[in-house]
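Structures for review follow.
Next come two complexes built around chain A: one with chain B, the other with chain C.
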Partner chain A sequence: MATPASKPSAERADHGKRVLIVGAALSVVSTVLVAVLGGRFLPPGNGSVQATGQVLDNTVMLAIVTPVIAGLTVFFVYVLSQFRHRGGALVDGPPLRDDSRVRVWWLVVTSTTVLFLAGFGTYELLQNGSGGGQGPNPIAVPAGPKLPVQVIAQQWQFTYRYPTYGGLETPQLVLPANTYVELHVTSLDAIHSFWAVELGVKADANPGVDNIAFVKTNGPSTFHVRCAELCGLWHGYMFNNGRVVPEAQFTAWVKSQQRDFAPLLKYLPKYSTSYFPDPQRRAG
Partner chain B sequence: MRATGFKVLGVAIGLAAAGLLIGLYVSKLTTDNGSAAYTVPVQTQGGHKVVDLSIETVAAVGPQFSPAHPDYVSYLVRDTQGKWLRRTVWRLPANATVHVTIYNFDSASGLRNPLYARPQGVDGNSFMLDGKRTVVIDPNDTSHTFAVPAYGLVIPLSGIPDSAKHPCGYAPCALSLDHRTITFTFHTGKAGHYRWQCFVPCAAGWIDGFGGPMQTIGYMDGFLDVI
Partner chain C sequence: MSVARRFVGFNLFTACVLGVGGWYAGWFSAHAVVGPSLHFFTQVDFNELSLVLGYIGGVLGFLIGLGFFNYPFARLRGYPPSLREKETGGIGRYFSLCTDHKVVGIQYLVGIGLFFFIGGLNAMLIRTELLRPDHQVWPAGTYLTVVGIHGTMMMGMMTSGILGPFANYLIPILIGARRMAFPRIEALTFWLLMAAGVILETTIFFGGFPTGWTGYQPLGTQANPGIDCYYLFFALVGVSMTLLGLNMLATIVTMRAPGLTWTRLPIFVWGVLSTAVLMVLAAPVLIATLSMALMDRVVQTNFFVAAQGGSAYLYENLFWVFGHPEVYILALPGFAIVLEILPVFARKPLWGYRLAVGGMLGVSLLSWFVWQHHLFMSGINADLRPFYMLSTELISIPTGLTFLCGMMTLWRGQIRYSVPMLFCLAWFFNFLIGGLSGVFLSDTPSDTTTHGSFFSMAHFHYTIMGGLVFTFFAGIYYWVPKMTGFELNERLGKIHFWTMFVFFNLTFFPLFIAGFKGQPRRVVTYPHGLQFLNDWVSVSAFLLGGSLLLFLYNFVKSLVFDRIPAPADPWGSKSIEWQLPSPVPVQNFDRIPVFSSDPYGYGEVGPTAVPAGAPAGMS
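So, the complex of A and B:
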């Protein structure tokens, strides 16, 4: 004959098993779905090698967090459905007791996860900088030739200089396909942030600072450029589109821009990694 | 029960007060001279829409147009009766040709980025400066720019000399006073809301010359409301 005290104990064990089994099943299914489909839907796209790498990073992180979300969801729904108060007097529940096995597992799982993510993230960053601004002295410098392009931010537009093409400056950002590009990001006034969304590039644009980011373009595509730092009245309008084009088309575009801006050439300052423009007659 | 009634009443009063404040704010925005749209008259030539837009840039907008900020640098637009208005939202037809005349009464401030000294996005990538075709100006002689980044349009405006004998004090400025005349033509595309701005740090006394009238719609910035 069962004693009154043994019944709640058995129920508790069942609750735990149920949550664990359903949570594990949901975790497996959802994690597999994330791993398989993540690359298609997660940002920022595949405009560059760095962007593709970021999609992988986002997929890995989402895949790792998915079992946590699945477990919490199952637990939450189970608790709401099973432990609702249904009439009768409110009484204290059974006392909570320490379980060293749970503690050990918790420490092992969370520590392993965090350490793995730290190692994975560091590896990904050190490969090529992952499209992030690395300051004037970058640590992760990819090998091989690179096309330098300067990004000049000002209130409220980005303009671009191509030092290897006579210091050409233009309001359009056009890059050759399958090419490593070395972006030098700076500003002429306030703090901006250059964000080439589908290329996976984001680098702060600070006045007087040369912030370097690397990106290897994939095939021809278009991408959005936005300012990602609140920079004044027209911050919300500080965007345009950039293009990645085949090499021959890029060369033709450069020539046309050189023609268009030829009258300006004598007035442009010599190419520099940063600028402190004069005059500012009225500026306070 | 009575306490609940007071709570409901309190929430209702709070919501009404918030609604009133929002209404006042919206009302101020829509009636402010700087934000209200000016519809530019449209002509038709050979079935094509053509617009003449006359604007002026002034060093000080004056108390008549901006009692709160009479010293702000500003753009003004001229209506069909020849009256100047401080409106910087201009309603234009889509797919039309726009002939623009700008009378600049201000002196030079200089460009921070010389790129804007080259006209772009207009017919011939050039403009007429006091009747002379111009493809670039000295960035240091630039007083203002009229730029619509979404159109790739930039027009640098040459300033009057510092030694000008008859500079304009407060707007509106008569054409008998020292000024430069800039004319050019561009084309509107599809309907949309396109911002325009000045790229010269021309806000006197503000950090980097980009405060005050450069950060307030209705002076050196506005919209082309293309419909």
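So, the complex of A and C:
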């Protein structure tokens, strides 16, 4: 009933060229725009070296997906407007079933992109762990001295212990500026996730596990701490603020906290990488 | 009198009565018999045990009432094998055990549609809560239960969202068979799913559950008894999925008509095949995991209790070993529907058939090697993160092949914008955004920013709602005229499409920004600065809900009130189901057809895809 639509061969070649040229042009322009401007609006900010690194990673990711979006947009706008069926009777298109050039180029382009992404991600990850939780035996350990700080998550709040200051425990996180901090994240009950948004740190808090993340703070700033893993009834309210302060101010703060919490400190368990409160609450 | 007699016998009504009876029998046996005897050996939580046994008794009673045990008993007593259930005529078939694959397909469509509606209502409740940052419309516990039911219902029910209605209905027809390999098991998968859906809803009588659809431990161990409903729901869904997958595999492998070689199969059959492999292999892991979690509660084992030597990581690993293939179980049938429908409306052969098959099988295979990207921040196996980053990104190559085959099929076609085609084209847009946002999440450093935030939530709504649900609707608009024999209103369909497409994007795109700005998932409150974004999303979500109500209106209006008979082949397709009359007769074919090519021979000279005279409708 239907016959293949016949079109002159010259016009046929043009379709491919047009899409390729316009697609490539739009891809290049949009990618350059994203690469230049991306850092201004992409999270998580520059509270730490890791956060700045993630802004770069997010910019690279956006710069890679942008030409894909641009190219496919051009393709679809062209195809859907140019090749739409007009008139009443059904007409068949040309019976194209395969094209080895298209197939090979597509595979080459997607494979190259994917391998680049994996290579770039691995390189960035191994630099300094990029702020993610690395478990008890981290592989990406930055060189140099680090201030250990323990993050204890429980339903539904975070508390922080400073082992180098006599196991001091405080309800708020204060960190010295321009310092490498080694965060030891653990939980007393359910699984939580410690997310210091502007510092670019995220590490799950598992009961019985010492999950280590590294972060090098930049200048003084404030940041938000949120729980990023559903942990029960008041998960939504499990947040507070933290501060990055100059070195001298940090020392003064530690002194005041040691003084304020001295009566409590003697009732706390000894500093440990994990805690098992007794009794464990069970169902029923 | 005659009306009352309809309720007597093995049907849904009897099943509900026996289901409730079975629930109380199970509940009572736990207190009177099973609990005390078990208590002799181990610690038992009687409340938990009675609840679990109650539900098991309820499901057994439900199946007895539907008549699932009649045939095995008849066989034991020496009766010859038969398919009696197929012969029941009339509307009653749809409310009882029926082994006609076409009835099961329609049962699935309505049943799953019902639970999809409930899941959608839960989404509306979530967005109502999030209209205000600080004001609690629902108490926090209720809110979490709503979130949990929404997620669990969608992930559990919609797993069979395409395979249930469309594969059950179409696979035998597409491969030239009269039935599925295991017709009673086919019916069982449906009724198990319905029992499971009801069980999940009853969680509200036992305090709900706070864990979301992932049910992480040890949160699940300390939760209300309502969590048992979650475990039992998902375990039953797992059983249903395993059986459904098994049935599909057996049918496709063994029951193809003469001449239907592997390279002549419609691409939809290949999509179902690659999904079924995942179902058969992934769902048992889920059943085992949830059984362990249930034992932690009922008989006080310690699989997931860290303080007693268990591990919360164990649950996370086991869950995602199931959970990641699961999301491809959701996505792959969507790929298949798009590739099946595009050639019809572009009037061109499917481009790169082997590439498309390879792509879907590749996704199916690779989906087993990516699950720990859900645990990038968890601290487990940190040294394996580069591997999981690579494997996750590799999966975009076979997915990209689906895109390529679809795009090249459109190239120089004669494209008609009928409603099914519009939904398929929207799939390209949605899945592109969903897939590319996945690039951020697959990259561990970027994932540190976005993990567990609204960004990842927007990502999987783009892939699952934008990927699965849009193609689900494509399938409905495409195949329902064949399944019911009645046309769906085209104009209302187009209005439904455009409103759904626009409001879907207005709802979920801003969520990427909310995630970038630091809003974690599943929160009952959020910072005041994010109120504008959240309000925008809520209003769009309500309008999206309105669009789905419009579909419901169209569906009921067209099929119940208008009842305009559909022609046998309204789309001009060359596939075999369209060569049969609408709706398809009970035995599908007068004679088993013989195939000599694939169904995509648009614009080609030579033998047509369907041999003349073979199907019943042609003679």
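Heads up, the rule we're going with is that the second predicted complex is superposed on the first by the 269 of 284 C-alpha atoms of A that agree within 3 Å, B and C clash if a C-alpha of one lies under 4 Å from a C-alpha of the other, contacts with A are read in each partner's own complex, and residues count from 1 in each chain.
The criterion applied here is as follows: a residue touches a chain if its C-beta (ideal position, glycine included) is under 8 Å from a C-beta of that chain, and two chains touch if they have at least 3 such contacts.
Because the structure is a prediction, the values reported are computed rather than measured.
Asker: Based on the superposed arrangement around chain A, label chain B with chain C as either clash or fit.
Answerer: They clash: once the shared chain is superposed, the two partners overlap in space.
Asker: When the two structures are overlaid on chain A, which partner does A:Ala190 contact: first (chain B), second (chain C), both, or neither?
Answerer: A:Ala190 sits against chain B and chain C alike.
Asker: If we overlay the two complexes on their shared chain A, which of chain B and chain C does A:Gly232 touch? Say first, second, both or neither.
Answerer: It touches chain B and chain C both.
Asker: Applying the touch criterion given at the start, work out whether A:Gly219 contacts chain B, chain C, both or neither, answering first, second, both or neither.
Answerer: Neither chain B nor chain C is touched by A:Gly219.
Asker: If you count the residues of chain A that each partner touches, which comes out higher, chain B or chain C?
Answerer: C
Asker: Which partner does A:His15 contact after superposing on A: first (chain B), second (chain C), both, neither?
Answerer: Only chain C is touched by A:His15; chain B is not.
Asker: With both complexes superposed on chain A, which partner does A:Pro246 reach: first (chain B), second (chain C), both or neither?
Answerer: After superposing on A, A:Pro246 lies clear of both chain B and chain C.
Asker: A:Pro269 contacts which: chain B (first), chain C (second), both, neither?
Answerer: It touches chain B, and chain C stays clear.
Asker: Between chain B (first) and chain C (second), which, if any, makes contact with A:Ile152: first, second, both or neither?
Answerer: So A:Ile152 only meets chain B here.
Asker: Pick out the shared contact residues on chain A: the ones touching chain B in one complex and chain C in the other.
Answerer: 189-190, 232-234, 237, 280-284
Asker: Provide the residue numbers of chain A that touch chain B in the complex, in ascending order.
Answerer: Chain A reaches chain B through residues 152, 154-157, 159, 169-172, 188-190, 232-234, 237, 240, 260-261, 263-264, 267-269, 277-284.
Asker: Residues of chain C touching chain A in their complex?
Answerer: Residues 45, 47-48, 140-141, 144, 210-212, 214, 216-219, 221-223, 225, 297, 300, 305-308, 311-313, 316, 346-353, 355, 375-383, 385-386, 389-390, 393-394, 396-397, 400-401, 403-404, 407-408, 410-417, 425, 428-429, 432, 436, 439-440, 442-449, 451-453, 516-518, 520-527, 572, 601-604.
Asker: Under the definition above, what is the set of chain B residues touching chain A in their complex?
Answerer: 108-110, 112-115, 117-118, 120, 125, 135-136, 138-140, 147, 149-150, 152, 154, 195, 197, 199, 201-211, 214-217, 221
Asker: Mind pulling up the chain A residues that touch chain C in the complex?
Answerer: Against chain C, the touching part of chain A is residues 2-5, 7, 12, 15, 42-44, 50, 53-54, 57-58, 61, 64-65, 68-69, 72, 75-76, 79-80, 83-85, 90-99, 102-103, 106-107, 110-111, 114, 117-118, 120-122, 124-126, 130-139, 185, 189-191, 193, 195, 197, 200-204, 206-209, 211-212, 224, 226-237, 276, 280-284.
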